[in-house]
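Two complexes are shown next, each including chain A; its partner changes from chain B in the first to chain C in the second.
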Partner chain A sequence: MEHSGFLSIDYNAYGSALNGVNSVYKVVFFTAALIYGIAADKFAVYLFMMLSMLFITVCMGKIKLGYYFRVMRIPAIFIALSIIAVAVNFSATKTGLFTLRLGGINVFVTEKGVKDSIGIVIRAFGALSCMYALALSTPMADIIEVLRKFRLPEIIIELMFLIYRFIFVLLDTLENMTRAAVSRNGYGGIRNSFCSFGSIGKNLLLYSFGKANATYNAMESRGYEGRLAFYSEDNGIGAAEVVLFILYFAVMICLS
Partner chain B sequence: MLELKNIDFSYEDNRILKDISLSVDKGEKIALLGDNGAGKTTLFLCLNGVLKYRGDILYNGKRMSCKELRSKVGLVFQEPDVQIIATTVEREISFGPMNMKISREQVKERTDRAIDALDLEGFRNRAVHYLSGGEKKRVCIADIIAMDSDIVLFDEPCAFLDTRNSLLLESILNKMAEDRTIIVSTHDMDFAYRWADRFIIMEKGRIAADGGIEVFDTDYVEKPMLWQLMKMQGVEDIDRYPRSIKEYGEMYNG
Partner chain C sequence: MTKNEKKLIFLICVFALVFGVTQTTFAMHIMEGYLPKIHCIGWGVLCLPFLAAGLIRINKIVNHHRRTLLLLAMVGAYAFVLSALKLPSVTGSSSHPTGTGLGAVLFGPSVMAVLGIIVLLFQAILLAHGGLTTLGANTFSMAVAGPFLSFGVYRLMRKLKINKLICVFAATALGDLFTYCITSIQLALAYPSEVGGVGASVVKFMAVFAVTQVPLAIIEGILSVIVMMGLESYAKPELEELSY
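Coming up: the complex of A and B.
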């Protein structure tokens, strides 16, 4: 089965060797690393975060290196666009480290601009690597369970569970509807494409209402009375994990 | 065991179930037959206490509220994606028992038993959305087994299943029927004829026929293949009608 975007990350999280590690531990570890890293705001700390999270995800979690770089590519595009805005300046006079004359305008970069850009890249990738380490080791469902344990309001937890579950159901339906439209030349030409896109969107909305009703019936039939409760067992936190936590943050403190 | 007295259900002005009365005994294997729109699914939702009906449903002679019915009667929905709401197989199966307000140990014990019964151990921590149609169906059945219902209703259990999974489902139904009452709504006449002991035919919200295989003599339903074969061979005594190809082979070819 092919998965893309969020679905592929979630799918890989289920296959990660770190999936069995206590979810609360993982959420606390990665979030604390992120917060500490941003608070310390040091180049060395960010670099350490990037490399250590790469090690955790790829070597410990057994996520393929190629896949890791592929998912990193998505935010990398946005980061690249933002550093262009920071690093590149325009002026009528020739100035800065490197200057390119385009028409009557000088496009140039300054030393400060380059330093700021490198800072942004390191900071962004340091933070991203923490979030990806979490996302690629902990399925979304486990993260929602952790949020429940952190006493997030029940209504938000239930909505998160149902939205998460229905993303997959609706994407399946969308795929089937799109195939059905394509098979009848629904995407042949711009006009047809717009019409098909509109019809599919409308039908998907109506379908989701119908599904929501049917699902509510199914929940009621199993005794649902306003609280989504599931049985789950988390693995305990071992001594090795506690040691790793302490060592990791000791290194971060030393580097900052 | 379960007795329905004058059950009526209307959706706005549309009367969907009309004065349904019937009784179901322990250990029966019942096929609920009828065209689309006959009211089979609505009857199931009433039996399960999801829809509020007019009339009485008695369980062992005691009048049941909708909430009480849910703990006695389990319903396996036609579409697994409608029924499955949790994210992993274990959590999904535990949902019903968790709602029954029993201890966590009991929930675990029931969940483990259902996982074992449906051979889902290898899927325990799998995400439900990555399962195949047949696997999802098994999870849905495990959902109900974990609730320990005495009566289990199956709405179109063979829908969306390939032959191999349909046969697997049939063997699961047979095993479940050893200590439960099973009512299956289906359009698959050959399956119903082969599997059930009793046939209830619904037409336009009413029970049109209720009984053994003699109900296939009525005009309300399509005839199963073996039934037609026996008729073509001129066999009049329906007690001699084989219920499966295997029985046919044994009876007519020695």
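Coming up: the complex of A and C.
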């Protein structure tokens, strides 16, 4: 349960009702939908993606609706900031829908700026719901296994597996260190915060160097020669899934 | 108060709310669905030569010292975990350092390109920072442009016989700032301003993100120096293995 906060997406992916579906199918389905959606770039397609992916994730995957919206909120700050930059214009002479005079410069919002912003929001949420549908139905380990099947260089696959596993090790250590620092008032005041942050960062890196060495020794003593093999279980692709795939993309093509 | 002053105060309040209320960690990841298709493909293709160079270099390193692969993986995991570090709050929103600058100084920039794209993929899928179609653009700004600049600055300053720690500070802070400039340019190219075109748009994006990114660059610089000092006193053999 410890990691369910920071890595809650992966945690929920393991609990998804869609976890048992063939992972190659899931990866191909969601990335194809995402790429087709962005390539078609149509309002109706994005809307369809948003609703259908919501249905897939929440109704079929049994992810809690409240959690789904919480995850959706993560990029909201980025959307908000970038919309300000797209919608707001500066000029000494021109004006737009809403104008604000600051000194000698007009700060204004134009009709096109508003339209662009709405377009960005729709596209962003369409694409995001697609990415989350993948992230909330397929655990990272399965995705890496799929990439291996797609013949990505073995060294990258190996790095990915190792990084994924080390993340949990480091997060555990980080949590302990941070808790130790907080309980000794290590984050009271700016000066203390910097000191704590710096020493945690430093010690974590030192710890990880040591851990990397120990892991290598352990792996080598068990016959590691450059291929990490994990047991993975995967169900086949059923007829219903093929039909769903064809239907889904037929609707997408019709809408675009 | 005049009408304009009221408007100004309102605007400041909105800004304060936007930056103050959010709890989410926020680096300069361009999120999923933000860039049009041409930009997604373009930035992705631009990363390919760097990734290929990195892959060749990693293969070479690993063939010599298999053990270093584990070290590289640890650095990747470390860069990922950095986004969970509790950072002293300066701007109100909590941002996090990327750690790629220090990595470039230690391992060379092309290696960081490969590690960077893996970490960015993980961040997109596990943390919802960044995205799949914007992976290319994010990789270019964070794992290619920033690290290469950091590495260049570090090497140049070392040649000029400047103190090592000052070099590390300058290299990582400038690398961070460069990443932020590149991201602003990427966003501006995708959404040029109606008045003034791409140039004005770059300025706008930089102004909006400066609030979090400029303090962050300085923090990253300071922290890299602290980490470096620690490494020099405790991990000399590992550093020598990396020919730092």
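In the analysis below, the second predicted complex is superposed on the first by the 240 of 256 C-alpha atoms of A that agree within 3 Å, B and C clash if a C-alpha of one lies under 4 Å from a C-alpha of the other, contacts with A are read in each partner's own complex, and residues count from 1 in each chain.
Operating definition for what follows: contacts are C-beta pairs under 8 Å (C-beta built on N, C-alpha and C of every residue); 3 or more make two chains touch, one makes a residue touch a chain.
On a predicted model such as this, the values are computed, not experimentally measured, just so you know.
Undergrad: Would chain B and chain C fit next to each other on chain A once aligned, or clash?
TA: On the superposed model, which is not a single observed complex, chain B and chain C fit side by side.
Undergrad: Return first, second, both or neither, reflecting whether A:V114 touches chain B, chain C, both chains, or no partner chain.
TA: In the superposed model, A:V114 contacts neither chain B nor chain C.
Undergrad: Of the two partner chains, chain B (first) and chain C (second), which one does A:K211 touch, if any: first, second, both, or neither?
TA: In the superposed model, A:K211 contacts both chain B and chain C.
Undergrad: Where does A:L162 make contact in the superposed view: on chain B (first), on chain C (second), on both, or on neither?
TA: So A:L162 meets both chain B and chain C here.
Undergrad: Applying the touch criterion given at the start, work out whether A:Y132 contacts chain B, chain C, both or neither, answering first, second, both or neither.
TA: Second partner only.
Undergrad: Of the two partner chains, chain B (first) and chain C (second), which one does A:D10 touch, if any: first, second, both, or neither?
TA: Once the two structures are laid over each other on A, A:D10 reaches both partners.
Undergrad: Give the label of whichever partner, chain B or chain C, reaches more residues of chain A.
TA: C
Undergrad: Taking C-alpha centres, what angle do chain B and chain C open up at chain A, rounded to the nearest 10 degrees?
TA: 90
Undergrad: Considering only touches as defined above, state whether A:L244 meets chain B (first), chain C (second), both or neither.
TA: neither
Undergrad: In the overlay, answer first, second, both or neither for which of chain B and chain C A:D41 touches.
TA: Only chain C; A:D41 stays clear of chain B.
Undergrad: Just to confirm the geometry: in the superposition, how small does the C-alpha gap between chain B and chain C get, in angstrom?
TA: Scanning every C-alpha pair, the shortest chain B to chain C distance is 11 Å.
Undergrad: Identify the overlap between the chain B-contacting and the chain C-contacting residues of chain A.
TA: In the superposed arrangement, which is not itself an observed complex, chain A uses residues 10, 140, 162, 164, 169, 211, 215, 219-220 for both chain B and chain C.
Undergrad: Which of the residues in chain C come into contact with chain A in the complex?
TA: 4, 7-8, 11, 18, 22, 24, 26, 29-34, 36-37, 40, 55, 58-59, 62, 66-67, 69-78, 80-82, 84-88, 93, 114-115, 118-119, 122, 124-129, 131-133, 187, 191, 193-196, 200-201, 204-205, 207-209, 222-223, 226-227, 229-231, 234-235, 238
Undergrad: Over in the complex, which chain A residues touch chain C? Could you list them?
TA: These residues of chain A touch chain C: 6-7, 9-10, 31, 34-35, 38-39, 41, 71, 73-82, 84-86, 88-91, 94, 100-102, 110, 112-113, 116, 120, 123-128, 130-132, 134-135, 140, 143, 153, 155-156, 158-160, 162-164, 166-167, 169-171, 174, 178, 187, 190, 193-194, 197-206, 208-209, 211-213, 215-216, 219-220, 226.
Undergrad: Under the stated contact criterion, what part of chain A meets chain B in this complex?
TA: Chain A reaches chain B through residues 1, 10-11, 14, 19, 139-141, 144, 161-162, 164-165, 168-169, 172, 211, 214-215, 217-225, 228-233.
Undergrad: Across the complex, what residues on chain B touch chain A?
TA: The contact residues of chain B facing chain A are 45, 48-50, 67, 70-71, 74-75, 77, 79, 81-88, 90-92, 94-100, 104, 107-108, 111, 125-130, 143, 147.
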